[in-house]
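Just below is one structure, and these are the notes that go with it.
Chain naming follows the written order as A, B, C and D, and within any one chain the residues start at number 1.
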Amino acid sequence: MGMPLEMNWMIVTKGKEEKVVEEENCFKLTKDGYRLYPLDIAVVEVRKTKEAATIGLAEIKEMIWKDGNTTIVYMLKKLNGVN
Amino acid sequence: MGMPLEMNWMIVTKGKEEKVVEEENCFKLTKDGYRLYPLDIAVVEVRKTKEAATIGLAEIKEMIWKDGNTTIVYMLKKLNGVN
Amino acid sequence: MGMPLEMNWMIVTKGKEEKVVEEENCFKLTKDGYRLYPLDIAVVEVRKTKEAATIGLAEIKEMIWKDGNTTIVYMLKKLNGVN
Amino acid sequence: MGMPLEMNWMIVTKGKEEKVVEEENCFKLTKDGYRLYPLDIAVVEVRKTKEAATIGLAEIKEMIWKDGNTTIVYMLKKLNGVN
């Protein structure tokens, strides 16, 4: 009579993100389990692994819970290290 | 730097649910705000209004957060008062 | 970079609740893990086990997360089957 | 039949934190509303205001929800700009 979930406030891609072709800088990522992310706030760090440096900041636009997985759609807003 | 949400453990339809035609006893409902529902557990009460009697129990199969709204897809599992 | 928790909307005591002596019908219960309960709403079912019948309805007045455990303080509001 | 709460992943003190005298670098802070913070992870930024620079990183050790308020106890782990 309980539902496990995980509070997340960072996007860790493990390189599994897919580009959403119709929109610039827009990505889709599916992770296992039900994960609660903050939406509509352009301050979520994106990393390839938990320990890696930040790739940039993103704004999560959509969060879908289904079949035990979480899918998010996010816009990369600010990139690190682009010279 | 915070995200408001509402913890919900009952479906209050206000009569706005739509039938998902491909699936029996399956409905789709959109509510304003980001609402956290329990998924995959067939024990969620369904009511037309908060104070109304329970229509039945449902299992929520999908939860989508987007544009400030929450959409759920649920299966009615047990109906009350059907004789 | 995530924190697991469990959404709960029912109190399952397993008989481990303790009476809070200063207050009538007031109980304290500690459960393992971080569990998110609804507070200040007198509609939370209390059961001894998940499958058992409902003892009554309670209003949770306090929720404490510490050392990997959750402690709640709740008031029993309506008892079932007490004649 | 819902409970509003706010997901938080940063401590914004507004200068209202109180030192816990028995423990070094340990602080107590009460905020209005029910706020969900990550516990036991030493990666929570501390700021005086939302827009201010980060004071340091903290690990939240305790979270208490009561009377419509949230109290957290946290340890400052890493200070910024202290030379």
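Definition applied: contacts are C-beta pairs under 8 Å (C-beta built on N, C-alpha and C of every residue); 3 or more make two chains touch, one makes a residue touch a chain.
Just so it is clear, the structure is predicted and the values come from calculations on it, not from any experiment.
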Longest centre-to-centre distance from chain A, chain (CA-based): C
Centre-to-centre distance between chain B and chain A (centres being mean Cα positions), rounded to whole Å: 25
Chain B-chain D separation of Cα centroids, rounded to whole Å: 34
Per-residue overlap in chain A, given as positions that touch at least 2 other chains: 1, 3, 5, 7, 9, 36, 38
Touch-based graph of the chains, sorted into line, ring, star, complete or other: complete
Complex contact set, residues of chain C against chain A: 1-10, 12, 35, 50
Interface residues, chain B side, partner chain C - complex: 7, 9, 36, 38
Chain D contact footprint on chain C (complex, rising order): 1, 3, 5, 34, 36, 38-41, 43, 61-66, 68
